[in-house]
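Next up: some structures, all given as structure tokens.
What follows is chain A paired twice: with chain B in the first complex and chain C in the second.
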Partner chain A sequence: MESFYVLKKSDLDRFIRQLSRSRKVVAPVSRGVKNFVFAEVTSAAQISIQSIPTILPPKKYFMPQCEKIQEFNREIHQWNPVVEANGEVVLFGVHTCDLAGIQFLNTVMDVVPRDVNYAVHKQKIVVIGLECNDYCDEYASCRVMKNHLPNGGYDLFLTELKDVFMVHGGSAAGEKIVKEAGIFLKPDAAHKKELEDIRKKKEMIFKDEVNVKREDLRGVFERSVQSDVWENLGGRCVACGNCTNVCPTCYCFDIKDELDLNLKTGCRTRIWDSCQNEEFAKVAGGESFRHNRGQRQRHRFMRKFTYPVGKFSVYACTGCGRCSRTCMAKINLKETINELAGAVK
Partner chain B sequence: MSANSVLESPYVVKAGKILRAKQLTGLEKYFEIELPGREDLGHEPGQFVMISVPGAGEVPISVSSSPWKKGAFELVIRRAGGVTSALHQLGAGDVVGIRGPYGRGFPTRVLEGKNLLMIGGGCGTIPLRSLITYVLDNRDRFGEVNILVGYKSPEMILFKDEFDAWGQKRDVFTDMTVDRVGPGWQGKVGLITKLISPLQIDPQKTYAVVVGPPIMYKFVIQELLKKKIPEDQIIVSMERHMKCGVGKCGHCQIAQYYCCQDGPVFTFKEIRNFYEAI
Partner chain C sequence: MGNPRVAFFDFSSCEGCQLQVANMGEDLLAVLGAIDVVEFREVMSEKGEYDVAVIEGSITTSHDVERIKKIRAKAKVLIAYGSCATTGGVNGMKNNFELDDIRNYVYQKAAKYFETIPTRAVHQVVPVDYSVNGCPVYLPEFVKVLKCALAGIPYKVPDHAVCVECKLNENECMYDKGLTCLGPVTKAGCNSWCVNNNNVCYGCRGMVTNPAENGAKDILAKHDIPIEWVENKMNMYNKAREFDKKEEDHGKKC
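Coming up: the complex of A and B.
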């Protein structure tokens, strides 16, 4: 059953205030020129409805940058697994690229043995998506990744129409919010027509951003293992790890122990890590399996365009453009794909 | 969806009590470890555990004993970094954290009935010992057994007494070499590849199992291919940086494989086309 609703734009503030009374609501908030972050809000005025992707993707709520996974006591030889669970969180204004990112992380973290910390965080998160009616900026490649339109992964999904938001219910949790709010109305035929028109218009606006079709991307990368392009990227990359930190589907982590000052108790934490760091693949004997930056850039791209396709039948790139937007060396995903495609033809 | 009990966390560790510890070389120390209630680790030869010293951290270490050894298991740990240095401070009666076993071990079922050529280099003999002892405990299930080991120098030799005992058996061939001579060394000198060429083997019936430092694989595998051993009958165990052991943290990735789950044991055929593998 298709469950569509409308929320009057003038009611958005009431909705956010209602939601934030019983739980934490986070949404894109402006932080200076062209910078947005997911941060706590209590009113609609704080939210940037028209924003480019946030600096960090919503993965930070599913898998915090630094998270305690265990507490130990060395004296009594006790190790206790820990999940530092927060209360319920509503993620408001999640773009379709980030919905794809969350869906990807859900898949990998659910592979047995399941990541319980991730699962607990996920259980407490309600996702409210928001459609992009136009391109955010020149870095996005969401169309070629087929993420410019919603493909599930949300509890509610909003599309901005002229006077209202069209709202699609994607889960029981989403329907419950609609019911509780009591301010959602049934859409009329004109609203549905307006949504259709927006989607049609989007087909005109959003065009494949690279010279490769989605289904050919894997092949381009598989044939590019020995490409000079990697050496070129390696020459420019400064190995800062920004690209992986901001990627909605990068989930690699390090595990570290911290001992309390009493030298008896302490905790084990996991922290986001980056395959761009030289230490990442280095073994204890000193051998490194990706010792130069070009190899590490290649690894990052292969982890988006080939490996996950073999394993999960899905690309790990969402087309959000964050890696290109944030790169200090101006390594650009779209340009890289075009260069590789040009070289293998 | 089942309740997300934190006890289901893959990072839960068990307390492992060190029963015995012994310095084997300047770098390697032996540990015999017992789990609570003398529970068996339940490993396959070639698998590894994650061992922790709370406060120092956690590292992956290959199990060195045969699964047939009951009530305790053995690790031999090379001092190479912070955690292994902390482990070297420990002795009998101390407690470490253990989780695992993890990974795909040596394909013992496939190896049954075959001739075996087991080649260990340096600390590669540590995981290989779990297979050697397994094979010797079940000697009648295997064909010819050849064991070749190589070390940098005589001081680095591991399990010398055991190696000599294996060589005493009538149905086991053993050979050893060192790269550099040391005082009083009477044995062979040279790279381990030199021990392979004189062997008379039936390549179709032989499975080669190779464990050693990364540099060794390239040359040993070349030698084995010269002997006409098929690529899917050459078995290697890969060493990679590992943090989680459960296919999540990303450190051990070799192409689409997670070494901690899909490996550490692979056939040469599986990995030959992967860049960054060997």
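Coming up: the complex of A and C.
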């Protein structure tokens, strides 16, 4: 059964204040010119409702950049798994691209052996999505990845109408929040019509951003393994790692052990790693599987458009545009796809 | 068995990195519980035997060469500490000039009393077991390296860009603000300390071993930044890296 509610825009502040009393609420806030980050808020005024995707995706709450995963005592050879779990966290204002990113990670991290730390964090997180009624900027390619519309993965989902937010309940946790708040109303026919109109209008605004159909993307990449395009990207790339660090579906990490000063006990942490880093594919003896930057760029794209399709039947690109937006060398995902498609025709 | 004996020595440097240790605050007490400091000019003056030598400063005279060789012979473990010791640091700027010219410029009439050689990092003269890069050193990294040294396990200075840590810290990119930052070509490990505090990266930790020269030039051209600016900026800390290219590396590459 579909459960829709409306939240008056004038009640948003009350809602955020209520939520933040008992939970940590995080939402996009402004950081410098044209930059946003998910950070803790206690009122609606702190939130950037109209924002382009944040520097880092909300992934950081499911899998922190640097996370303690074990404590050890090397004298008695004891290793204990650790999850430093916080209280409940509400992610507010998660765009549909990032909902897709979270859904992808949920799938990957649930593969046996399950990632326990991820699962524990996930249990404590409530996701409140927010629809984009228009493109955030020219880097996005959410239409071709079919992520411009909500596709589940949320507890509540908000669409901004003229005077209210239309709210869709996506889970029992979402319904609980609605009930607790006591300020959500039932939508009337006019609200539903307004939502329909927005969705219709979006079909006019959002068009496939590349010259390839979604279902053909895998084929284009599979036929591009030897393409010159990679060499060109390799010549431009400086291996700063920005593209993968901001990606909502990258989940590679490095493991580091650090002793305490007593040199007996210590902890093991995992820290986000990047296939673009020089050391990533280096093995004993100093050899590297992907020595040049072009190979590394190709690997990054294949990890979005071919490998996960074979394994999970889903593309790992959400179309959020972060990699293109942040690239030092202005390597652009949409342009790269078009170049590859042009070359394999 | 007592704690390992640690001696701090300084060569051409401002001793600012040793000052960092003295400024460590409460954590210093924990560190001092694990080691016996037997030489530390900034805070004490005892002389003695030692297991671990922590070297600050670069090698800039033939006297320095003799002295560092003696220390190396005596120390079980040698840690190069700070930019001057690990990359030559700002002292490397001397290498931009003819030695006699710069000697006369600095010491004027007394120049003949001051013998000088081109600036070198410590590993360019004697083998180095551990490196703590940075000007000044980043204390959490120093403590990490010290623990590795005491436990006899290796520490590897990251060989990827400062951008990696900077992005994980969600800083606004300096290039977006119209500033020139050496983050993309500088070794990480400082947790993007400067950028976290609204300053650009000056490259004090040394260049990554495989910088993308063409890519970097492209980026500068796109941002309308003359390459000389960046070269000058890079040479502020990294001029002595030329010895790594020219000569057989005496020490371990950390």
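Everything below uses one rule, namely that the second predicted complex is superposed on the first by the 345 of 345 C-alpha atoms of A that agree within 3 Å, B and C clash if a C-alpha of one lies under 4 Å from a C-alpha of the other, contacts with A are read in each partner's own complex, and residues count from 1 in each chain.
Going forward, a residue touches a chain if its C-beta (ideal position, glycine included) is under 8 Å from a C-beta of that chain, and two chains touch if they have at least 3 such contacts.
Source: prediction; values computed, not measured.
In the superposed model, A:Cys237 makes contact with chain C only, not with chain B. Residue contacts after overlaying the shared chain place A:Ser227 against neither chain B nor chain C.
Of the two partner chains placed by superposition, only chain C is touched by A:Gln65; chain B is not.
By the touch criterion defined above, A:Lys330 reaches chain C but does not reach chain B. Look at A:Leu259: by the touch rule set out above, it reaches both chain B and chain C. Taking chain A as the reference chain, the count of touched residues is higher for B when chain B and chain C are set side by side.
In the superposition on chain A, A:Thr249 makes contact with neither chain B nor chain C. When the two complexes are overlaid on their common chain A, residue A:Ser20 makes contact with neither chain B nor chain C.
When both complexes are overlaid on chain A, the residue A:Asn35 reaches chain C alone and has no touch with chain B. When the two complexes are superposed on chain A, the residues of chain A that touch both chain B and chain C are 258-259, 263. Here chain B touches chain A in the complex through residues 4-13, 15, 52, 54-59, 78, 80-81, 84, 95, 97, 213-214, 239-241, 243-244, 246-251, 253-256, 275-276, going by the rule given at the top. Against chain C, in their complex, chain A makes its touches with residues 31-35, 37, 54-56, 65-66, 235-242, 245-246, 258-263, 272, 274, 277-279, 293, 326, 328-330.
Within the complex formed with chain B, the residues of chain A that make contact are 69-70, 72-74, 77-79, 81-83, 108-109, 111, 113-117, 119-120, 123, 225, 251-259, 263, 266, 268, 270, 273, 275, 280-285, 287, 289-290, 295, 299, 302-303, 306-307, 310-311. Across the complex, chain C meets chain A through its residues 30-31, 33-34, 143-144, 147-148, 150-151, 153, 158-161, 163-164, 167-168, 170, 172-173, 175-177, 183-185, 208-212, 214-216, 218-219, 222.
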